[in-house]
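By written order: A, B and C. Residues from 1 in each chain.
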Amino acid sequence: MSSIHLKNVVKRFGEVEVIPPLDLEINDGEFVVFVGPSGCGKSTLLRVISGLEDATEGTIHIDDQEATSMPPGERGLAMVFQSYALYPHMSVRKNISFPLKMAGMDQNEINSRVNEAAKVLNLSDYIDRKPGQLSGGQRQRVAIGRCIVREPTAFLFDEPLSNLDAALRVNMRLEISELHKNLKTTMIYVTHDQVEAMTMADKIVVLRDGYIEQVGSPLDLYNKPDNKFVAGFIGSPKMNFFSGDVAAQYNADSIGIRPEHMDSSTESGKWSGVVKVAEHLGSDTFLHVVLDDLGAALVRVPGDMPVTTGDRVYATPRTNELHRFDAQGKTIKN
Amino acid sequence: MATTHTQRTAKLMVSPSIILLLAWMIIPLGMTIYFSLLRYNLLSPGTESFTGLDNYKYFLTDPAFFAALSNTLVLVLGVLLITVIGGILLALLLDQPMFGQGIVRILVIAPFFVMPTVSALVWKNMFMNPVNGLFAWLAKLFGAQPFDFLAHAPLFSIILIVAWSWLPFATLILLTSLQSLDKDQMEAADMDGAGMLAKFFYITLPHMSRAITVVILIQTIFLLSIFAEILVTTNGGPGTESTNIAFLVYSLSLLQFDVGGGSAGGIVAVILANIVAIFLVRMVGKNLEA
Amino acid sequence: MQQATLNQRKILTSVLAWLIGLMIFFPIFWTILTSFKTEADAIASPPMLFNFSWTTENYTEVLSRSNYFLHFMNSVIISVGSTILALIIAIPAAWSMAFSPTKRTKDVLLWMLSTKMLPPVGVLIPIYLLFREWGLLDTRTGLVIVLTLMNLPIVIWMLYTYFKEIPVDILEAARMDGASLKNEIIYVLTPMAVPGIASTMLLNVILAWNEAFWTLNLTAAKAAPLTAFIASYSSPEGLFYAKLSAASTMAIGPILIMGWFSQKQLVRGLTFGAVK
């Protein structure tokens, strides 16, 4: 059992309320991703859970045990930092064994655990090097190794992949997902990248200005966003939004339709427009279209559709995948 | 940005320093202020009496005070002028490619490690002595009269000695700053057709302004309290020609045992230092902010 | 062609720089040289560069006539003692201000630095009288206390600037790893800050070694460090150039050698973290 319950948690820095009263339940073994634009309070929330910051109000329970004012070292949580935060003066072995040494563990036990972790993470060849001599990916694995050996009740990740290059990021994403499958430990992962959120999470928590906009599985959020913000934030490329007359036709303040949810044609369709830019990705082509009366929109079409700049195209939104929003940006349920 | 627990620990850990420095500042300073209001001479103990501001009146109307005040300013400004300009030139020179740069650096930095009493005595006796000093020999070599530096230009001589001690400090800081100057910027200026002088005044000097500020700030702190160099060379003389405020207060209190007068002088010195500090911080504050 | 002019320029700058370097160093060189001359050779005119009879009698004389070793030990104890004491007080303070700053931290730091602006003469009398009262005049303890307080603001400031360069993340990682504050400082902060702490130490040992206001005013014989020992040569012994030189060489030698060896760290320290 390693569930985490936040009840009425508030965080203020002086006068500034970074996190308004917030409730959240994280279940045992779940991979939860906090996602949101920068400044949305996701990292602060993670730090409050970790104990590096305390909650101004409210309570935190870890494993049904009150942990609100426990120091970070006693919460049984391990954290991977954005900068990895490896100890630069210690070898990989010393880095990984540091938490065990702090816990006063027996040296033989430390050695066997460290060796085991190094094997799992492919670090055995670098075990005596200093962090400065490692590549970004290797440092990342050391940071993870330092967490694994403690056998924590939950892992916390604070944007761990943002310092890696694109190719490595995809690899590490997979490695972390695999790690979760193997260990089945609760993981909380903070990112601003919705692709990471979609690909890794069991449960996504979308945050904006400290408020939880929606909690749900990746596909829930994609298919049934609660509001315009989540609709726009989840999914890549972004959903197209229209307001005014066309929205009124659907009895909404504004409507949204994803680029992949429009049927396109060069002959006829509901909406028509002129292609400004066509981005050919091979499998798909993304058309930046200026629709008559509606304005700019992005439409995904099959890669083999022969269109170029200046062509007239037609797009028809699939009605059942069209999202309607009221004046407050809330989704209008059908 | 941390838990209240760490914030509380932080306060606890910073408090010894604050308490010590506060005590170091307030207790002696309070005593100095108190003494400065007394007629109090160590030679006649037990006769202390309250005299109000008399000590200040005597001190501030003493011609020695004005001499000391102007000597202090001349000393500080003279040394600053020599070390800052000399330091800039020397830093520019040392920044050029050359043979044995490391050794030259060691040679230049050396005077910084020489204690004031040693540098003052070596300069006084072995260089400035009108009979046996090297300068006297040099003068005779060129057929000139040896010049008795410390008798006829005591303040200038002391400025020279002190500047020699502080030139390495200025040079090293300015050199460090110079070495951090982005070479691309220089090449861009070359492309823009800037000449040597233009490059110096529009790029190098502005880049060094922060370092120059640091040099002025730190040196002023130390230069305001120059003491040992005066003590072992001229003893403030002849007359009061090379007496600065620090030396004047010392001679009042520990040579004439006039605690009251010395304390008043000490307080005046503190006030003057504060005026200089405010002036300095105003002048250079912006430079240090960034 | 261009290579040749470049080389010419380099030779020219080298010659100029060496000349100036040697000129600046000359007084020290001359002192060391003179310390090996006889008194007669020391004041010979024209001055003798190398063509004198080398002797070490000045050193033996200085060592036998005065208690050089006592003054040397006083200097060591006073400078190292005050530096270590200041470090012990300053490390926690610098940790607090660097890693747990509040709105007032900047003001506190500036205030601490401003105590350095307080001219020593302003507090000379009370310190002198208090020390006389407490029997601290002419004691190493007394000087260690004064110099610790004198240099504390600089030590705190320097450590603060070094600590600021250490990412907070790493200390927080230690906290997550269950390190207590004590372990965080001992195992993580201090080893990472070793270069900074070393330059701070060096600079302060040098400043304390060469401090010549309090050491001259608060000591007589017992606790007098080398600054005061040399001051006793101001007259009339100063006219014995060779002996003055030998004593001076012994006074500046240790710190000069230490300074040269630690040049790199020192330059960093000298800038008080204000110049990158």
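Following the convention adopted for this analysis, a contact is a pair of C-beta atoms (placed from the backbone, for glycine too) under 8 Å apart; a residue touches a chain by one contact, two chains touch by 3 or more.
Everything quoted here is computed from the prediction, not taken from an experiment.
Peer 1: Whose Cα centre is nearest the centre of all Cα atoms in view?
Peer 2: C
Peer 1: Pick out whichever of the two, A-C or A-B, is joined by more C-beta pairs in contact.
Peer 2: A-C
Peer 1: Centre to centre, using CA atoms, which chain is the farthest one from chain A?
Peer 2: The chain lying farthest from chain A is B.
Peer 1: Taking the mean of the C-alpha atoms as each chain's centre, how many Å separate chain B from chain C?
Peer 2: Each chain reduced to its C-alpha mean, chain B and chain C end up 16 Å apart.
Peer 1: Rounded to the nearest whole Å, what is the centre-to-centre distance of chain A and chain B, using the mean of the C-alpha atoms as each centre?
Peer 2: Whole-Å distance between the two chain centres: 58.
Peer 1: In whole angstrom, how far does the Cα centroid of chain A sit from the Cα centroid of chain C?
Peer 2: From the centre of chain A to the centre of chain C is 54 Å.
Peer 1: List, in ascending order, every residue of chain A touching at least 2 other chains.
Peer 2: Within chain A, the residues that touch at least two other chains are 51-52, 71.
Peer 1: Could you list the positions in chain B whose residues touch two or more of the other chains?
Peer 2: 1-2
Peer 1: Quick check: in the complex, which residue numbers of chain A touch chain B?
Peer 2: 13, 51-54, 69, 71
Peer 1: Inside the complex, what are the residues of chain A that reach chain C?
Peer 2: Counting only chain A, the residues touching chain C are 50-52, 71-74, 77-79, 81-83, 85-89, 98-99, 102-103, 146, 150.
Peer 1: Quick check: in the complex, which residue numbers of chain C touch chain B?
Peer 2: Against chain B, the touching part of chain C is residues 9-11, 13-14, 16-18, 20-22, 24-25, 27-28, 30-31, 34, 43, 45-47, 89-90, 92-93, 95-97, 99-102, 108, 112, 114-130, 149, 152-153, 156, 181, 206, 209-210, 212-213, 216-217, 226-228, 230-231, 233-234, 238-239, 241, 244-245, 248, 251-252, 255-256, 259-260, 263, 267, 270-272, 274-276.
Peer 1: Using the touch definition up top, name the residues of chain B that touch chain A in the complex.
Peer 2: Of all residues in chain B, those touching chain A are 1-5.
Peer 1: Per the contact definition, I'd like the list of chain B residues that touch chain C in the complex.
Peer 2: 1-2, 6-7, 9-11, 13-14, 16-18, 20-21, 24-25, 27-29, 31-32, 35, 90, 93-94, 96-101, 103-119, 121-127, 132, 134, 137, 140-141, 164, 167-169, 172-173, 176-177, 180, 210-211, 214, 218, 221, 224-225, 227-228, 231-233, 245-246, 249-250, 253-254, 259, 262-263, 265-267, 269-270, 273-274, 277, 288
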